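You will see two complexes here that share subunit A, one where it goes with subunit B and one where it goes with subunit C.
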Partner chain A sequence: MTTFTRRATLGALLLTAASSLALTAGTAQAEGETITIGYAVARTGPSATGAGITTIPNYELWVDTVNKAGGLKLPDGSQKMIEVVEYDDRSSNEDLVRAIERLAAQDKVDLILPPWGTGPNLAIAPLMARFGYPQLAVTAVTDKAPEFAARWDRSYWMLGGGHDYAKGLVDVLAAARDAGTINNKVAVVSVADGFGIDLINGARPAFEAAGFELAYDATYPLGTSDFATLLNDAQGSGADSFVAFSYPPGSFGMTKTAQSMGYNPKVFYVSVGGAFPIYPGIADGNAEGVMAIGGVDADSPAIQDYFARHTAFVGNPPDSWASAITYASLEMLAQAVERVGLDHAALAAELSNGTFETVIGEVKLEDNQLRDLWWVGQWQGGAFRAVNPGDKAGAATPVIPKPEW
Partner chain B sequence: MMRIILPLAGLVLLALLPLWLSDYGLGLMVGAATYVTLASAWALFSGHTHYVSLATVAFYGIGAYTVAVLNEVLPYPLVLMVAGAMGAGLALIVGLSTLRLKGVYFVIFSFGLAELIRQLITWYEVNVTGTLGRYIFLEITTAGIYWQMLGLGALTLALTAWIHRNRLGLALRVIGDDEAVAAHSGIHLARVKLIAFVLSAVILTLAGAITSPRYVYVEPSIVFNPTVSFLTVIMALLGGANRLCGPMLGAVPLFLLFEWLSAHFPDSYPIFLGLMFIAVVFVLPNGVIAGVETLRHKLREARS
Partner chain C sequence: MIVTTLILGLVLGGTYALLALGLTLQYGIARIMNLAYGELTLIAAFGLVALFQQAGISPLLSLLVLPVLGYGLGWILYQGMMRPLVARSDGTGRLEVDSILATFGLLFLIQGLLLLAFGANFTSISYLDRGVSILGVSVALNRLIAFGICVLSGGALVWALNRTTWGLRMRAVALTPGSAPLVGIDVNRIARQGFAIGTALACVAGASISMYQTFSATGGVIFTMKALVIVIMGGVGNVPGALIAGLALGLLETFVATAIDPGLTLAATFTIFLAVLLWRPQGLFGARS
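Entry: the complex of A and B
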């Protein structure tokens, strides 16, 4: 028995060492023929839904588009096909960090695309900085973006912060109130998770500064499925505007509950999920007038073309918030490579300072952040159209009050 | 003598590995060392007593959270000490109130504990501090994390070996076999179980604290990921939870298997996890080591 244990100990130690070396040894990267692009995203686990809607389809669509056109263009005019190295991070940041180490140190890929979500993007930021890869963090909503961009100078933050979205919404509501369409009471519910808290923390002072009264202000835990009480209280508060800082399950659940109980506020706003292509189906075809986070310039030919290509390739249209920006970030990357090649320092400088033609129009980053964003959108005539900032080209006029369900 | 020299030589060898390994190799070693530590610490309490605990991630998460809250206030070694103390404190409270539960009741309770703590932290952050995500900006290299985790893992194995040879280990084994007999032979049930539970919890908490600088960003839904608890149990059971090296023998291959799966079958990881569970329960109920021993016995009998 003792001999066995000792042998087992030694065996385990050797196994650990040997297998890690074996996995590390791997295949030497074929130089020159292709451009390798790696990413680690959540294929399984809690983040898989978000990654599966916003991130993965756009990566696949982009690689397909580029390769069908003959590959990525390089400064010398030559073209190289993209070869993808993909790992599943199982929605775990520990696995994600290791996958990035693998992409950078073992696979030695030319470029790394970011994962889905704020937490995952932060988890890999120090590593990306250490290995020198540019990180086009799209699906990360954070008010600390300026701080992060300064800390990791090759990181780019492209979806704004909670305060931006809250302020955009307050602007829309304040304009409607000043026009006399809605009263100055607002009912707000928010999900008790990072995103909901960021938004409500931005919204409370913004509503107050604009002279609104928060007639109802409640949080609900992530995973709540019964919204009848929340909506009942919101309805009883006498507010004309209902605002939910919610995740897709909440956004969908509240829409259905409001419909079944006949709750018809003049403004009905939900957050993540409201811009999903499935939303009108969830709302039984009565999405008209519902406001949500994000938005696109639905009349722009570039967006229409992108929606059509996405639908043809993936099988369904993209969401109208972060999808187009994800795709735009990839177009930026392709154009930057075409101008300066694959050297990471040159690429980073070009991404910081260059101007790019993308599906969301001309993009130029400010301090490594995309600030020219849509904050509020609304379902109008079957499309999710951006309504705020109202002075941005392509903005639709908000329809308030919203038609009854 | 060899009994001490061999593991020590192995430990030194493992500690020197960062000199040769690539960043990814080192990342792998961190992961492997973490799961060896978690599985061994889990087995320290559950292996002999047969109290299957799914609370691993509750302690692991508390460790990570402690670092997230205190990393800018206290020096790192102190943060680790506080984390250990938090784990011990929680284990004491929980242990005193629940180690009377048996069988499936304890399993369910321990699973609920992780969720309870996650919701409590969420509630606190939402209603009191008003922020949910926290940041860990510590200048600790991957090699630094690896060495700490290796040390903790070695400590766990040494502690387990020591307990196995000692009255506490004997008492734990008796409790695992029959609590009534244990009580009648004069074993102080509550005290023995509590000591083992607290020791195991402190190690789990420290493991969480040590790995946390690798995440940078901490949020309840990230650090209280129940998969960690399940993986720990399955790893320890695969190797053999009541053997000194069982958890390690289960953790290393499983960890590498899952790493391989994530590259080659990115969509099917949960299916494999489920199949592993079933396989361990049906094919190797006592773990690989015991399984191999039974096989050897059978072969020997067949030969004679």
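Entry: the complex of A and C
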């Protein structure tokens, strides 16, 4: 209606897109008879959701648990309370790197905990290596973990790579097909973004090698909110198995759409988000049989105790994929400090070679990587149970076909 | 196949158009380019979920109540935050720049408050999540409701703007805010009404979105972007334009997803958007000025 609208609206678009720029917040702490632990995590911005589910609650739970027990134990038997220095990286890697630099150079914290996400962990890896801090990169999924572990020898990669998860899933499906439960066709959709691309690139050759036919294979852009068309086509493909390499909004959206349109494949698999505690609510109580990435040994007393403590402290249960591993990495750190103290070189050596007692059982890293992981889980009787690798202790038997919604 | 694409596309487009209605009204009448628009929809979305989960209030009832509260919120926002900007701009283009900057700040303020109140978790409820068959195509009932609300509120708005004296005053302010006072129109009052109705519509959109879509406190920008694209395509401030552009976008995305590749939906959207900006910068339905 006016002449200056286009300029203004374009400016608006630019500003909106620039909403990831910003400031650093936080407070420095005074030195004292405490151990200072610093971390920069996304309190705001697009990564805040992931960090708010998997990373921050576990850091806070762990610090609270340790401090209530009198503090971190040191080799001489003394105990020191943990003091936290926290920065909000506003989901921006530039801010994150600045915050890590500040933690190391200015705040001179004793230990630094990693941020949430693959990209952020890669972004700070060179810096952490330069300052010599051990980096327990838990929430980083990458097939290049062996390379990274070799390049930065104080970095630890604890969530496997896309190929691992894809292969685990193919194993589960192949076993079901060989048993005659499902047909040879798979309908697979994937989000066109980092992790989704990794997974589908790992899955295509694995499906082919196992003799599966990809009856429907489509990608969708990040931010897609309507899945009716995708699922309609997947349903029409005649495949018994539906596989989505998706992020939480997509996993949830597809679940709801599949329910409302009455799409009942024998296998329904979603990726990130499927192991979240809110998933059964999103599936309207019909999550039974849905498969997803991750999983826990739901019968293990350590896991049950961890779930109970997390629920009491945070207000909701943890997710059943990376949460327990995040917590386990912190337990490893505490035990390593107890054995060798705060010297970074000694600490790094202990993390690489030591064996640790954690909520996910006994952990020993191989070449700085945690390989003893669960790849596929399934909702069974209200818990998200790990089903693959099937020969690992605590694995549940997959239920295929999945009951109808 | 064609029928499926058509129906799914129309329903999707309806939800898009509903999202854009409020923004186009706020800009068209109050001249405020509201970058916090997505956050305003989120307030309603969280409000509906909170009322549903804590107090057991039916989302359909919330759909009626939240827009009224939204109108009040918009009224207060305009009076407290936008009015000073309008007053010092003297009817120049400065208001646009100032309002963009001010609402950009408001975006973070609301986002922070939402994070504080509701946390960073993904939020989603299941309500009326069952399929309804339309000409053999299964459509989720909650999306259908959103489509219905879009047609109703959009239609009512178009009718009111074109057929009532109130609408005449609105259009007068939208077209020539400088001369409207000459015929006895209280520009401030009309602009405030336009902004408040826009906020109420944002609440309608947010409340209906919360019934079928997963959202989190940090996702408002996505809604703002989508609404902006539709508003610009339809012609800024043009209500029927936004309706048609929204529907067209839904149809386009669904068509591209079925006939070509689902990976290209976003690319197709922005190709059209770019074409509109290059060749019809006033929007598909905007008048050349």
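One rule holds for everything that comes next: the second predicted complex is superposed on the first by the 373 of 405 C-alpha atoms of A that agree within 3 Å, B and C clash if a C-alpha of one lies under 4 Å from a C-alpha of the other, contacts with A are read in each partner's own complex, and residues count from 1 in each chain.
Everything that follows uses one rule, which is that contacts are C-beta pairs under 8 Å (C-beta built on N, C-alpha and C of every residue); 3 or more make two chains touch, one makes a residue touch a chain.
Model, not experiment: these values are computed from the prediction.
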item	value
Touching partner for A:356 - first (subunit B), second (subunit C), both, neither	neither
First, second, both or neither for A:221, with subunit B first and subunit C second	both
Subunit B versus subunit C as contact partner of A:384, first or second or both or neither	neither
First, second, both or neither for A:86, with subunit B first and subunit C second	first
First (subunit B), second (subunit C), both or neither touched by A:95	first
Touching partner for A:253 - first (subunit B), second (subunit C), both, neither	second
First (subunit B), second (subunit C), both or neither touched by A:269	neither
First (subunit B), second (subunit C), both or neither touched by A:281	second
Contacts of A:374 with subunit B and subunit C, given as first, second, both or neither	neither
Intersection of the subunit A residues that touch subunit B with those that touch subunit C	2, 4-6, 8-13, 15-17, 19, 43-46, 91, 192, 219, 221
Touching residues on subunit A, where the partner in the complex is subunit B	2, 4-6, 8-17, 19-21, 23-24, 43-46, 86-95, 97-99, 101-102, 104-106, 118-119, 122-123, 125-126, 131, 192-194, 197-198, 201, 219, 221-222
Subunit A-touching residues of subunit B, taken from the complex the two chains share	2-3, 6-7, 10, 13-14, 17, 21-32, 34, 36, 119, 122-123, 125-127, 130-133, 135, 142, 211, 214-217, 219, 221-222, 225, 227, 243-245, 248-249, 252-253, 256, 259-263, 266-270, 289, 293
Interfacial residue positions of subunit A with respect to subunit C in the complex	1-6, 8-13, 15-17, 19, 43-46, 48-49, 51-53, 56, 91, 189, 192, 218-221, 223-226, 228-230, 232-233, 248-249, 252-253, 256-257, 259-262, 273, 276, 278, 281-284, 316
Subunit A partner contacts - residues on subunit C that touch it in the complex	4-5, 8, 11-12, 15, 27-28, 33, 35, 93, 96-97, 100-101, 104, 107-108, 111-112, 115, 119-122, 124-126, 129-131, 138-141, 174-175, 212-219, 221-222, 224-225, 228, 231-232, 235-238, 253-254, 257-258, 261-263, 265-267, 277, 281-282, 286-287, 289
